[in-house]
Amino acid sequence: MSSFDELGFAKIDTHRTERCGAPEAVFCEGKTIEQVAKIIQKMNEGSRNILGTRATKEMFEAVKKEVPAAEYHDLARLIIVRKEDLRADPDRYILVMTAGTSDIPVAEEAAVTAELMGHRVERIFDVGVAGIHRLFAQQEKINAANVLVVAAGMEGALASVVGGLVSKPVIALPTSIGYGASFGGIAALLGMLNSCAAGVSVVNIDNGFGAGRLAGMINSMR
Amino acid sequence: MSSFDELGFAKIDTHRTERCGAPEAVFCEGKTIEQVAKIIQKMNEGSRNILGTRATKEMFEAVKKEVPAAEYHDLARLIIVRKEDLRADPDRYILVMTAGTSDIPVAEEAAVTAELMGHRVERIFDVGVAGIHRLFAQQEKINAANVLVVAAGMEGALASVVGGLVSKPVIALPTSIGYGASFGGIAALLGMLNSCAAGVSVVNIDNGFGAGRLAGMINSMR
Amino acid sequence: MSSFDELGFAKIDTHRTERCGAPEAVFCEGKTIEQVAKIIQKMNEGSRNILGTRATKEMFEAVKKEVPAAEYHDLARLIIVRKEDLRADPDRYILVMTAGTSDIPVAEEAAVTAELMGHRVERIFDVGVAGIHRLFAQQEKINAANVLVVAAGMEGALASVVGGLVSKPVIALPTSIGYGASFGGIAALLGMLNSCAAGVSVVNIDNGFGAGRLAGMINSMR
Amino acid sequence: MSSFDELGFAKIDTHRTERCGAPEAVFCEGKTIEQVAKIIQKMNEGSRNILGTRATKEMFEAVKKEVPAAEYHDLARLIIVRKEDLRADPDRYILVMTAGTSDIPVAEEAAVTAELMGHRVERIFDVGVAGIHRLFAQQEKINAANVLVVAAGMEGALASVVGGLVSKPVIALPTSIGYGASFGGIAALLGMLNSCAAGVSVVNIDNGFGAGRLAGMINSMR
Amino acid sequence: MSSFDELGFAKIDTHRTERCGAPEAVFCEGKTIEQVAKIIQKMNEGSRNILGTRATKEMFEAVKKEVPAAEYHDLARLIIVRKEDLRADPDRYILVMTAGTSDIPVAEEAAVTAELMGHRVERIFDVGVAGIHRLFAQQEKINAANVLVVAAGMEGALASVVGGLVSKPVIALPTSIGYGASFGGIAALLGMLNSCAAGVSVVNIDNGFGAGRLAGMINSMR
Amino acid sequence: MSSFDELGFAKIDTHRTERCGAPEAVFCEGKTIEQVAKIIQKMNEGSRNILGTRATKEMFEAVKKEVPAAEYHDLARLIIVRKEDLRADPDRYILVMTAGTSDIPVAEEAAVTAELMGHRVERIFDVGVAGIHRLFAQQEKINAANVLVVAAGMEGALASVVGGLVSKPVIALPTSIGYGASFGGIAALLGMLNSCAAGVSVVNIDNGFGAGRLAGMINSMR
Amino acid sequence: MSSFDELGFAKIDTHRTERCGAPEAVFCEGKTIEQVAKIIQKMNEGSRNILGTRATKEMFEAVKKEVPAAEYHDLARLIIVRKEDLRADPDRYILVMTAGTSDIPVAEEAAVTAELMGHRVERIFDVGVAGIHRLFAQQEKINAANVLVVAAGMEGALASVVGGLVSKPVIALPTSIGYGASFGGIAALLGMLNSCAAGVSVVNIDNGFGAGRLAGMINSMR
Amino acid sequence: MSSFDELGFAKIDTHRTERCGAPEAVFCEGKTIEQVAKIIQKMNEGSRNILGTRATKEMFEAVKKEVPAAEYHDLARLIIVRKEDLRADPDRYILVMTAGTSDIPVAEEAAVTAELMGHRVERIFDVGVAGIHRLFAQQEKINAANVLVVAAGMEGALASVVGGLVSKPVIALPTSIGYGASFGGIAALLGMLNSCAAGVSVVNIDNGFGAGRLAGMINSMR
């Protein structure tokens, strides 16, 4: 029996999601509205949660017609179909942080992804390093986290500072927030890659889904 | 007698197409609608197939008025005027592959170009390396191909993997699909240029026409 | 009492190492031989393992005079002082892989770092994607790993392929191996950042220490 | 039976070379002298031709002790062990061209690679586009070629011009020759990728081996 | 007496134009419609020709209200106010060439600028190097030119080829025409900077005005 | 008592503004209209001046409803709420200069910021180095300034020239004005970073607020 | 009377140093040993302090022969000739900080420059953000500084953190310390340019002299 | 009769030099000593002046054995064989300027090239814009020049300033002098390309020969 479903223009990877306990995911950007609708309709024949990332409202509306249970998370641009009620250990939480308010949409993409996988997610927003006392006011919550996702644009320094404070894995999530020499997230990405703090690794610019998915994966380890 | 037709703003290279057995081609992007229409109208006085690449629907409609036989391939953004019925050896086929669904438009530009040159083209879409069992399910079709075009954005790794599987030329076709550190196709382009697999060469980002044209040229060799 | 020792030119961060169970580490490159020797001599007053990264043989020899127990790992350019005998659960191993032979030094930096933290490390070298059957011959060992470090230069595609095969965290470690358009590891770095596989995150080019340190940190989670 | 030989630090891909009729090849740069010697010694147990690319004289001397039949091509930095006498059809030749004298070493790497595969190779050197009458003096030889390799640094324009002259595949081989804004071959690489000529594809900067290998592969098609 | 007129937001450089015999010029992009109108109105108090570059139609219409003699060159996006009838030696002409049809707008900006300075300008369009016989069909006209402006996007190789054919100054004018790895004109710019042909110098991407202005300046020398 | 106000999506840094005597500032770009309105409404509960940078007219209108005293500076895209009447020493003025008319919006962002801090600001616009006599006509005003902000796009050379004329700090403010190889302000930024003139430092491209804020800070020193 | 001394290959700018109270400075890199010696010999005829930056030991020895009072600061690569004993207000000190030990040479170039101008300089080394408690242990000394120079390589985040702590000007001094994606200081430079902290401006990578010179200039303001 | 001499590895372009009245030139970098010697020996059979650029002392010594009349210009790294005594109109001079002392070698390459073509060359060195009064002290000499070559590294602003002062062609010659964000001449190159001054065009970084050759070509026009 094949481990994927063939749609001609897409091969839905049922095999992978079986292995990971993660939602079936589809990257919507660059696909037509029809393709997105058909892919999610096909996925809906299975029993897994479904996540459509970088989805427009128009895509959601087309999906909604075929899959009435679909929800749309406007800020994070996610289409969600909840089919399982997963519950990970609530004592171990993932902490999602942002340097600024403008980084919240990407951070929410990470947070919602991890929540859909059943994890408890805590949030601390707008604690950029230029006002570092805001960060230290949250130190208890930071120290108690099991895995951390740190979303930051501009200079991206928050990941280094947080990485130095904790001894848990920090997933650095550069965002495209900024202007001028931020170059669409390159400055933040480079800053994070050059972090001297132990335990910091980096995902692609604006890749909230990848960060949330990895955070959930690590948080499940025992 | 001159080997090109002079339109003032364009010199139609009748000479080259005579040599290659390929369609007369015009790169439409950056030209005015009027220029495109006049160029294709002029080309239509000859007996070759005609291909307008990166053409908008508006350009097509202007062409259609002058050349009623013109067709438009929406996904691949191609204007096509079929004037010859070319038939290459059907036992030798060109295989056009994509890593994702979003790479299909560029892949189709390659496939349709080669088909217009008379070649048999097979397609395998959405077999990116992150779910490599989808690729191996197609191994027979891959092994039997005579020339391969591999379209991929993001990390572009599919070209290397395919290049390692076959002993036929692989034309790596980077696409601008991706976000963040894909930098509009640069990541895929660099990945393909650095491929260690023998027989891989690379064309410009999103240059489906060039890939299809070269695939047809190689597939004609004997 | 201060959580670091002050040497004037360096502040040894005794605080951090207490928290993490990791070796005290010093990045040797760019420091003078005398500075390296004094820092490691100072660290040697404590009870932790010590790791000097990117160390030259000359640095090691100066250290050796002050700290006779120091060892040198030539390939990985590491100075090691073993003071603790840490033993993590041997059933959970970290798998360190390389795409090519030339990536081994950076991979060894990761492997030795994790071993010094007490982890069992397995190695699979020279399984680049251009000859992917070499990779699949190792699939059992890959599937059974708890955390994976994948070192690759050139196109860096191995991380994506491995990330698609497993449902454990993959730490992608780009190396500066390559020439021409590899741009000292940029091509591999970009390829890894653009990976579609779930669970892949990236560290700096040639940062074997960081990869090994993070692998150990994740492998300790329960 | 395994399709590769395991040396621990390297897995020799006997499988691939069986498929392609090409030499067994080892990329020597970044490997230790001992590794190169052991790899070639192992390869020498088989019956294929062997090619070590980007090899230093010191590497060659270490190889020579183990494999007395080894030769060294100084200009192209190739170690060669001839074990088969392959002969392709001499009526179909590969033409290797350079824009300047300084591009010859890279071009020779391509030419010798193709010759070792049994192909007839013709050479035209120092015909850069800034003195284009030198190119046209060779037009007969250019037109009669079956596949062309065009090596050029600086602006790399020769590939476009040649691509426009012929209706055979042109493998554009950018070299790192140049200074200032040539950026180690980037200018030539970009020029070649942007070529409007049909049938042009590009390999990595200074990748003479890859160009020669692909040229041989295409020249064998029928 | 001051050599410039003060408008607060702009200082019109009456001094410079007196020296050069060139039109008074204003770079319109990035200025408000009101600013453009006021600057040209102020310039109109003098006796020089006026040229507004990178001007929108809206800017022109606002200018036209204040300066009824103003004309608009749509393709080249120029606002022109003719106040002098300058006539340079018609035996010495400036030749403006393009590689493609899409380069014509930038080339026209150069040509019209030089014509406004009184120079005779000849044009040859669409003679890119991928079909080099189209270029050679014009060799007589090329050889007889006194100064040449060569506009090209994509690989920009035309400037090198023309520079090798003539012994007159060639002003290479890179355009932003292209896609993918043309990077908005960078590929053409780098190609032109690396030209080995004597007598080639380069202006900014799409800087037709600068090229035309310099061509006029050189063509006036005696 | 906390030194910041918590809005969930933002933490208003009341602490910092207390220390510096500067306005409370909010970077509006990338925030929703609602977020901007709520942040400024919250800030308005304090007694400091408020500055919203990179604000759209829509944002202003939403703010205006909640904070009727709010003003909008169209050119500089600033929302301003004046709550204090600060007056610095009028004998020491900050001089804000631009190379061109198009640089004025960014320069005004700097000037208005400094004025809101109570400083006297003088302006000299459109004195780019290509017409350097315009600059020297202002030498008296330049020499008498206490701190200078120099906004320039394109080649950004004005900062170097001014830095060589004065012995006061020059804050170089690159703007994104230009086209082609100005690369959105990179050329100006690099030019300014490479200035040999003493006393020149650089802020981010288009960061008028930062330049004005720093100018005010330095101008307050005694 | 001329304001500079003419040496043919150099024009010593006696004019500028008269204005600023700063040392006469010569950038030694790229000059011949003879040129450096002659320039400093000529400067020695005046009464100002002299500073040769980026000087090799060989340059110093040649200078020493002509100017016996010359000293050499090995770490900072400075040639110093002390001719004035300048004393600025000791209550106002400049604080020079580094993120790591390897940043000390560049930081010393800044510190010594400012000291030669008569300023009191305090130093805090090795307080990178990945171990931020080391930084906060110094907060008193940081808060009391009048101007700050923050030297950092890798991610360069220290400048942002310090900028958020103080309300005095922070001169961010990126260093080329790092590896991989630090790109010779680019990551640090971009991080610093994107700092959200008020009062931060940036000088060129490794430009310790410029940072020290500007710090002295600001510290002299009253 | 052929217009070039064939050496196998090089084709000496006797045709081009006949047309231009310029020296026969050979770019020596990247060629072997033997190749350089043979090329110049072959050129010496003709009657033209010969120029070897970017030549090492070792190359010169090998040439000297075959061509005793050869001279070596150490600073500009030129091999010169004087065979003609060309004399252009001495009233029209080419002015070669540098921003700094370190730019002199590249400037001399330009100056010597033009002198060998028979032109009178004047020199003004070390007049960078950070001390602009040094430049204005030379204004008479600048105004009287017929063509100008402006060599500058770092920010490269001198070309813009000079271009604004004169109404003659200015050939901007970026040099690789600088450090940090000068990126080997890129900052200067970009600055020059973005110059707003009329009449400025740019050659490759460090391309003194090209600048001198073009200056001579323009200076010969009448």
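Every chain is named by a letter (A, B, C, D, E, F, G and H) in the order it is written, and numbering of its residues begins at 1.
By definition in this document, a contact is a pair of C-beta atoms (placed from the backbone, for glycine too) under 8 Å apart; a residue touches a chain by one contact, two chains touch by 3 or more.
Treat the numbers as computed from the prediction; the structure is a model and nothing was measured.
The minimum number of touch steps linking chain A to chain H comes to 2. Chain centres here are Cα averages; for chain E and chain F they lie 35 Å apart. Chain B and chain H have Cα centroids separated by 45 Å.
Along chain F, residues 16, 27, 100, 131, 164, 180-182, 186, 189, 193-194, 196, 198, 204-205 each make contact with two or more other chains.
Pairwise chain contacts present here: A-B, A-C, A-F, A-G, B-C, B-D, B-E, C-D, C-G, D-E, D-H, E-F, E-H, F-G, F-H, G-H [touch as defined]. Taken in their complex, chain G has these residues touching chain A: 100, 128-132, 154-157, 160-161, 163-165, 178, 180-183, 186-188, 190-198.
Contacts from chain F toward chain G in the complex involve residues 16, 19-22, 25, 27, 146, 164, 167-169, 171, 189, 193-194, 196, 198-205, 210, 213-214, 217-218, 221-222. Every residue of chain F that touches chain A in the complex is listed here, in rising order: 2-4, 8-11, 13, 15-16, 27, 29-31, 35, 39, 54, 174, 176, 184-186, 189, 204-207.
Against chain G, the residues of chain H that register as touching in their complex are 100-102, 104, 125-127, 131, 133-134, 137, 177, 179-182.
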